[in-house]
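Here the chain labels run A, B, C and D in written order, and each chain numbers its own residues starting at 1.
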Amino acid sequence: MQLGMIGLGRMGANIVRRLLRHGHECVVYNRTAEKVRQLEGEGAIGATTLDAFVDKLATPRAVWVMLPAGEPTEQTIGALAERLQPGDIVIDGGNSYYKDDVRRARLLAERGIGFVDVGTSGGVWGLERGYCLMIGGEEQNVRYLDPLLVALAPGRGEIPSTPGREGLDARAEMGYLHCGLVGGGHFVKMVHNGIEYGLMQAYAEGFDILRGAGAPELPEGHRYHFNLADVAEVWRRGSVVSSWLLDLSAIALAGDPQLAGYSGFVQDSGEGRWTVAAALEEGVSAEVLSAALYTRFRSRQEHTFAEKVLSAMRFQFGGHTEHTGAGG
Amino acid sequence: MQLGMIGLGRMGANIVRRLLRHGHECVVYNRTAEKVRQLEGEGAIGATTLDAFVDKLATPRAVWVMLPAGEPTEQTIGALAERLQPGDIVIDGGNSYYKDDVRRARLLAERGIGFVDVGTSGGVWGLERGYCLMIGGEEQNVRYLDPLLVALAPGRGEIPSTPGREGLDARAEMGYLHCGLVGGGHFVKMVHNGIEYGLMQAYAEGFDILRGAGAPELPEGHRYHFNLADVAEVWRRGSVVSSWLLDLSAIALAGDPQLAGYSGFVQDSGEGRWTVAAALEEGVSAEVLSAALYTRFRSRQEHTFAEKVLSAMRFQFGGHTEHTGAGG
Amino acid sequence: MQLGMIGLGRMGANIVRRLLRHGHECVVYNRTAEKVRQLEGEGAIGATTLDAFVDKLATPRAVWVMLPAGEPTEQTIGALAERLQPGDIVIDGGNSYYKDDVRRARLLAERGIGFVDVGTSGGVWGLERGYCLMIGGEEQNVRYLDPLLVALAPGRGEIPSTPGREGLDARAEMGYLHCGLVGGGHFVKMVHNGIEYGLMQAYAEGFDILRGAGAPELPEGHRYHFNLADVAEVWRRGSVVSSWLLDLSAIALAGDPQLAGYSGFVQDSGEGRWTVAAALEEGVSAEVLSAALYTRFRSRQEHTFAEKVLSAMRFQFGGHTEHTGAGG
Amino acid sequence: MQLGMIGLGRMGANIVRRLLRHGHECVVYNRTAEKVRQLEGEGAIGATTLDAFVDKLATPRAVWVMLPAGEPTEQTIGALAERLQPGDIVIDGGNSYYKDDVRRARLLAERGIGFVDVGTSGGVWGLERGYCLMIGGEEQNVRYLDPLLVALAPGRGEIPSTPGREGLDARAEMGYLHCGLVGGGHFVKMVHNGIEYGLMQAYAEGFDILRGAGAPELPEGHRYHFNLADVAEVWRRGSVVSSWLLDLSAIALAGDPQLAGYSGFVQDSGEGRWTVAAALEEGVSAEVLSAALYTRFRSRQEHTFAEKVLSAMRFQFGGHTEHTGAGG
């Protein structure tokens, strides 16, 4: 099957590579031509303008947009709307907000163009492991793309079957899922990332407490100097907290037990915020997912204004200057 | 009535001054003699050794210990236990842990010495406003000290009466309260401080959000440049959030609207931690009080180890280097 | 000065009453005629249709809309847009979302009609105490309304002046403030309510911990039976946590120390959610304000789905059935 | 090698079974004789009194205590202290508090008896998968027990090696780890469980948000009805959030997508609380681990007293009765 790919960053390029390995044909376009030439060298058909890209695709076209959410995706889908034909399908494989999907799908639908949103998890490991795909859109569009999706997904692998799944959607066991209507793929991916933040923070706090157990102010006998690399490793086997994120922690800690190579400045992508925003709309308590997000906000500031307000109040009511011990 | 005071820091010295103003007699002792001499100049009877201090007090003695919690208080009460007589009363007016009160009271009780714990709120404003006193101990001991307690408390003042209090403890309306058995005064003071942290953090976050409304990345039309000093001031009148802490915020912001004079390094005293520990023992959800405490812990670190763990995981799964935009 | 009021619920009616007391003229309209008649009896000029209401107002008209946020306000402002004239001013005194203000102001501006948003705090106490007013809009519109605003505000009262306010906006000391451009009044009111949730939750957790200190499973000697009404009362005098919300808690606890008359089902208005949403947009950590909001969400459910997920996981990994003691 | 086991609950009995399968000899004792007889039938040597149990063990004895933390473990270790001989080793494989380990180890050391604490993760799956063992104690004692520990641990299995572990403790890769001095095993296990609570809560909130996406009050087009069993399944393959806990969620949701069989009443064991207590002692911010714990506390109450305080305040300041819409 043929796919057009717009955006040859790490994710887009690797998706093309995985499709090529599975025998699919890929027409590729990127803002800068160098990446196009590189993938041509790996078997893709390159295009250096959007018009040429559209021309090289057989109808009905399947065009995967793999660009940063926001303006780049917005403009590209707008440009495609003017160039594609009824029956073509636009796939947004990036990290768009699901409400943008719904809006864009309506715009495209006015011209008879289909829209499918695909939340894609897998990072740099996806080329080899396959990508976990969370898909939203109309049934017929998703079915049409199935040969591509199954090629990108990890497949069953050696992961044990879940008992009791007889009669449920077999695609989920292959690592891809048609989650629901337009936006549904990105909604599920959004929550996936929200959970991811929570999981990461849980491990991070745990390792921080383990490390803090060696603090010199703790009483002797209750002070421990744990080897965090070994702790991460032992938890990988038979423990309740084993996970892929733990595997990654074990790798990082084995190489740098103090994590001295990291400053601890942590970005957040839109999904974490959108997950909390969705919880607010639904009236769902998202204590942990919110707390995990806020620690990232905090990590990027030297001091918050809130902290200065606290200092100022303390100075007013108690004459406490900062750095002094007495509180309250 | 006569009181002996050990510890002439800001709080101890001002308590002595307030008692002297109300016509009570104070015998004072401090590790450094200079503060003793200063209060002698204000009408107190000074002592430069603990033995002399004890000798100068009439029996049954009432000895107020106003020292930092932990070792200083522990050692002083131990030294008093060896010098006082049955019928004397030791008052711990500092910020001791209530479980330490219980232990110390048992020790003193073996020698017939009474123990009263007094949680004291009021800071530098207490000398003029009076101190809010939360008291634990046996009824007879607390009653015996009543003349001193009523002098230290703020009294009714111009604060409107609470309807429906007929038949309840009238002392609460004077600003002092016998809360319960030994440790009960410090327990109530502990929770008071836990609440204080929560209140302060609520205001602090609110002002941070108001300030953040002017961030240049927000869309025009939805961007506001609020004068925080004026906002704090307007809330002092007729709003639901009016409070003494807000009054203090208004003072601080009027003088320094950017709070540029504060770094935002915020200490916590033991009470915040003990409050959360009590919640854990009781199985009470203390989301806000805990979160408020953690922001203080966080304010004192450049980066947490937890944040480095997050950075390390992100690098492993996505090749994300720090400071780059793309997340999760 | 003359004001037209649409919406004669408790807040709208009391605002009219306070203006009448200060000698202003009020034309009033309400969906149901009964409330109109009642205020006519108190000196207002009634109107039973929107057209009649508009006719009875002298130009340039000042029309205060005091309706629930969302549809009622939306429709009424839409209907006013079709009936008012250039130079008239619409005031939204309800709890609208600031982004709706901006949108509506643009709509009205196309017809030359001004818009002012007024966040109003004061509840049932406002009629006597005055209302704390947070105001957004263009300077000339806000200035024009000044005679009404000053009448509604609490005024200086007996509240001590904040030192250092020389040269700052004197209106803030009267209890009303022009906060900024359109939407700015509701933004400040929104954050005010967000803070209010945090303050309330801080007290609530504190009282819960005090009450939990009497739990029978705690060891004797570390178990306390506090009189919460007395504790709330004593904190009203001289303590750091004194506030109007504490005054209210003292009233409630004096009348019903167990709060047995309340089920604990707690609503949230939009402002709490919007405050957190604003924090998300700004990248501000709002740990306490979020946690306070989530406890309200949680209070309205028997059990969350999240809790069922926890139960299900525990059953799978440990064979734990619910209600058994052994954990994780 | 020979091991004595006290406590034949699910965990104790399965540990014996796994050791028997690996050719070790087990002497077993339990308060009720029936379980002793059952394991005799599976190859163990039974004892019906503690004295007989001690007699049947060859010196130096290795005695594994697998009882509930607290009184049962305390009393049993006390009874063993009186019966064992210098050179014998007591192993506490339960969920004891690490500070209790330190105290008990000192007591045993006075009689020349060694002490090893083993945190054991694995639940009902451990018999087949092996147990993840976190071990504290003196090096010589842990080394002596190595044949038993390696038999209980899961071993390398098919889990990929962590790159960069050359030169690190090879036992961690077998699934057991000597973490440090006495108490260190239970400390690591404690934090493990703290993390577990955080991970579970992150998934739980995520599934709650996914489920809430179908709420009828959400606008059409932004409303989704996700099949949670399929979502859990698809995340098992190639996604960042894959984990053993997710596998278990997938099993639970496949069998009961609404989780209707669970009420959502969630216990917590001591470790979650102790983890937060350790964070408090160390001054580490544990936002997520605390929040996860508090949701469990909350799940076991119909309404908290804190919620009643909120209701009472709202009634006082706004005349809000419960269940009405208008807030703050």
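Everything below uses one rule, namely that a residue touches a chain if its C-beta (ideal position, glycine included) is under 8 Å from a C-beta of that chain, and two chains touch if they have at least 3 such contacts.
None of the values given here were measured: they were computed from a predicted structure.
> Among all the other chains, which ones are in touch with both subunit C and subunit D?
Under the touch definition, subunit C and subunit D have A, B as mutual neighbours.
> Count the smallest number of chain-to-chain hops linking subunit B with subunit C, moving only between touching chains.
The fewest touching-chain steps linking subunit B to subunit C number 1.
> Going by the average position of its CA atoms, which chain sits the greatest distance from subunit C?
Of all chains, D has its centre farthest from that of subunit C.
> By the contact definition above, name the pair with the higher C-beta contact count: B-D or A-D.
Higher contact count goes to A-D.
> If you average the CA atoms of subunit A and of subunit B, how far apart do the two points sit, in angstrom?
Their C-alpha centroids are separated by 46 Å.
> Would you mind pulling out the distance in Å between where the CA atoms of subunit B average out and where those of subunit D do?
Between these chains, centre-to-centre, one finds 38 Å.
> With chain centres defined as C-alpha means, what is the inter-centre distance between subunit A and subunit D in Å?
Spacing between the chain centres: roughly 31 Å.
> Going by the touch rule set out above, which residues of subunit A reach two or more other chains?
Residues 123, 125, 193, 196-197, 201, 203, 205, 208, 212, 240, 244-245, 251, 281, 283-287, 291, 294-295, 298, 304, 306, 317, 328 of subunit A touch two or more partner chains.
> Which residues, counting only subunit D, touch subunit A once they are in their complex?
Touching subunit A from subunit D are residues 98-99, 102, 121-123, 125-126, 129-134, 153-160, 162-165, 168-169, 171-177, 179-181, 183-184, 187-188, 191-199, 201-203, 205-206, 208-210, 212-213, 215, 218, 221-222, 224-227, 229-231, 233-247, 250-251, 254-255, 275, 278-279, 281-289, 291-292, 294-295.
> Contact residues on subunit B for subunit D in the complex?
It comes out as residues 240, 273, 276-277, 280-281, 283-287, 290-291, 293-295, 297-298, 300, 304, 306, 317, 328.
> Under the touch definition given earlier, write down the residues of subunit B that touch subunit A in their complex.
Residues 10, 68, 95, 123-125, 193, 196-197, 200-201, 203-205, 207-208, 211-212, 244-245, 248-249, 251-253, 256, 259, 262-272, 287, 291, 295-296, 298-299, 302-320, 322-328.
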